[in-house]
């Protein structure tokens, strides 16, 4: 974490999802250590993606409850993508029907704000004018809607960290598209086209893959901490850990680490990019003009190298273990 | 080259272009050494691309005349792309208006076959049933037209080597598309969809770049040979060599090397791929299903690593220098 | 108007535009005669289209001021279309840069509600659950945004009357698209896809044309009324009346007449339709499945015949003349 | 027919299909009466569409055999569309699997020319330079391929009559597209874009419908002729006549009548049009710029009104009945 804490106000936009939960745990750990990290979570907004917005909202509530953070405001957001309703892309869905592994978890009391996520994004962008970092862990529907409703906020937001898209056409949902961008390409396009003036830092799928951990890291190093966080995640991830015994990767946590700790991002590239909304094979692809064919100035910053050791250290810390020296 | 020569019958489809000329010189060298290489050029077909088909046809004629190969048949082909007329994409065109650097070369006598390139491809595929290797150095219009006119030839052609497309969405013409595929995406799609049964080996743009030579290799090592080939290419490439003094890359020559010498291709990948014909940002992109999202079996073979030293050795040999031991 | 007044609560969504002003005058006349018409205007929402949302909002304010209706709430809405910023399609714009003919009209005091049009649509749909008629005179951006933010309102809205789209592929902006649908096809698609359960009644461009009035009707019959309404519209329409001396057609007024007076719509068709968002030549076209090729049940009602005499009577009445007996 | 016979050389491009057979019978009748009509059939080319090109070729052979015209050359053409293989769009196909109603007709001896249809079109366009009328009754694949292979023929062909496309977005295959254009939109686009210089006269689907005959016309007036033509068509159309007892329409015959008899076309429109190749809902639609939004000069002539009585008279004549006085 930053040696000299600069105040950082963050809004987490999430479609939790177990991977998002790991990211939220990192953010909560940083928020609790705000005297040293400078990080303050100002709210969490939910959107459909891994599951319906109702399930996602409950998952976020549960994640915070697990670490007794029951006052951070949670704003329920978009129940549909820009052009189509929400539905799971595959059956059974990768993260379960409820996004949390269909793990038969105990009931929890709901506690969502009355304000809609999109309204909250606009209001917080105005309240924290020039100071708000948005960390987007899911489809970009909430943010796109906010930007369209109030284009001025593009100039108020300090920066947006985005988990989504790709840089070399590697897909994880179709041949050419990453999940968060594929399910709502119009939203992704609106956000990617929002600079200038809104600074965008994107962690593409190819770079996520470089931060893949070993199965042992998850099932031994992390599991052995046996904290409430681990107990929740062991339940949430049980089926997927059972299916894939070779490696483990919660991409949302990698982005969260990048967003909160200056030591994580080792290399960046300024690039011009757009989102393909019309392609038959490429709908949802982040098209990065790597060879500078358009002549357009950069509109995004791609994260191209991450410090995996540091990131894994943050995960241990987020899970309730000791903070490494990084 | 092959230690034990297996007879190989090749048809070169070209939009020459200086880069194509280098490739043709390699092919001619191998053809002349057919007792050791087994390689026989059965014909050359021309298409628009680097220049109009008239210019391309003259360039091919001149290339062969330079090395006194005046009996190899040249078939003039498509003057337009599948959906649009030919025109230069940029002004001035990269290889000059005439594709040969607008170098004020002396007039030469025309000598083209009467038969259309598309008809020749069909006839030769039938005559050399199971034995014809097509080496495609330009837009795939001729081959696509032949395949549509006579789909049976997909089963007769032994293999098609293709210079075109990309594997990581790196463009050289638009953000996402390589020149040969971009100018005629419908033709590229028709060809890429022609396996099964037609085997396709594609050299993508990203791998071409790994075979970039130094400026010195071109302007010292090659130039010092001072053969007719070098004299022609010094004239054809004069302007581009003047503009770019850092490196040199004739991609068509890299593909030709891959097609004719087993020592060049160090690694290949079997992949499923398609060509995007509809995208706003991605039209003409070769979409490779690297993460196996479609579940479709492979329909192309990508060349993913080439032996640059061997390839440069072939270039020296093609230019009239000594054959290296490779 | 209805003999026996049934209460009708209407929200006017407009990109005024002189044509919209005529429509608003009809609505105001009906609203003032609510004891006989049953019509109550509950608000007006503005959107970009004929002009920027700032200009449109001022135009609506001025229109109402002209008839001393200064308490009807006006909600400023979307300043951009779903996927692109607002800009005029042609220079000079058909209705002037300001949408009101650039007529150097006197300054007026602004009086807009603080609430955003999209929020107002959602709130009013909830307040007038089952009873709200929305009359959409411009691009459907506000309504689409409201529907996405709160999909439940599709079930609350009684009906939406839409001026936009076409039924026989006749364009007025491109070869195949009508202006309101062309400038924001994504919004049009979202709205057209919102039935069930939201009932949609669409006045297509081809049918608008059947309600074209003579030049004399506008410049003699209407002008001779010499009311404040006429004085405003004479200024606003001056340039266009000067250019086209053959006929006169404010399509928004035709839709308003259809929406408010049962005697206007002579024929309707239940149809299944969608909005083309991807076509090169057809983007924004309303694609009506007239020959029932899809097998889908109807999702819109097309107005296919209007009573022009009655509609012109309403215009005279709206302009301050006597109400005909219709 | 023409009072003073001007020599007219026609090439019939067909995907027969029973409707095409009716058209061919009209052409044969006119050809036999060439001393008065001036009409000479120079050949027939076949393409996939109603059925595979093999079936279509046999159907054409059989149609000619039925009227003892066994020397008119038949050239087998494209077995696939430009971008996709042939396959039936629906099961069972409207005209049967074999295009001729799967009527268990007796075997006939094959007699097809060796020359490919595409080569024949090019050759005949050259031989009859300035004098060849092409009458296209099916998908435009053959003609598009010929035009691409030899663009010069666009200047040699006198005119092309086309059965296909639409003018008001009325579909008969999808919501917005007519069959012949929908199955090969790329071919349709190539042909529609071939003027200038190639004159194109298009009979759109909407106008075909205006020439619908009564069921009695087919099953009484025509059937009662009891000629070999009628015996063939009674077998070929048996199932469809059984299904639809309300009306009868062989659109190909309407176009043939338009092409061969000056009395049939009552009204024409010069229009600018293009073919949509990218739309999700509109692929294959003929987009006619009826409201002159593009500013482009006309590139097609639409037939907008036909003389149905005269056309039905030609059908009776073609079926072996007496020629009416028309």
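When the chains are written out, they are named A, B, C and D in that same order, and each has its own residue count from 1.
By our rule, contacts are C-beta pairs under 8 Å (C-beta built on N, C-alpha and C of every residue); 3 or more make two chains touch, one makes a residue touch a chain.
Keep in mind that this is a model prediction, so the values were computed, not measured.
Chemist: Looking at B-D and A-B, which pair shares more C-beta contacts?
Modeler: A-B
Chemist: Once you find the CA centre of chain B and the CA centre of chain C, what distance in Å lies between them?
Modeler: Those two chain centres are 58 Å apart.
Chemist: Taking each chain's centre as its mean C-alpha position, how far apart are chain B and chain D in Å?
Modeler: Taking the average C-alpha coordinate of chain B and of chain D, the gap between them is 41 Å.
Chemist: Provide the C-alpha centroid distance between chain A and chain B, rounded to the nearest whole angstrom.
Modeler: 44
Chemist: Multi-chain contacts only, two chains or more: what residues does chain A have there?
Modeler: In chain A, the residues touching two or more other chains are 277-278.
Chemist: Please classify the inter-chain touch graph. Allowed labels: line, ring, star, complete, other.
Modeler: It is a ring, because the chains touch in a row that closes back on itself.
Chemist: Taking the touch rule as given, give the residues of chain C at its contact with chain A in the complex, in rising order.
Modeler: Those residues of chain C that touch chain A are 78-80, 82-83, 85, 116, 118-119, 145, 148-151, 186, 189-190, 277-278.
Chemist: How about chain C: which of its residues touch chain D in the complex?
Modeler: Against chain D, the touching part of chain C is residues 167-176, 272-283, 285, 287-291, 293-294.
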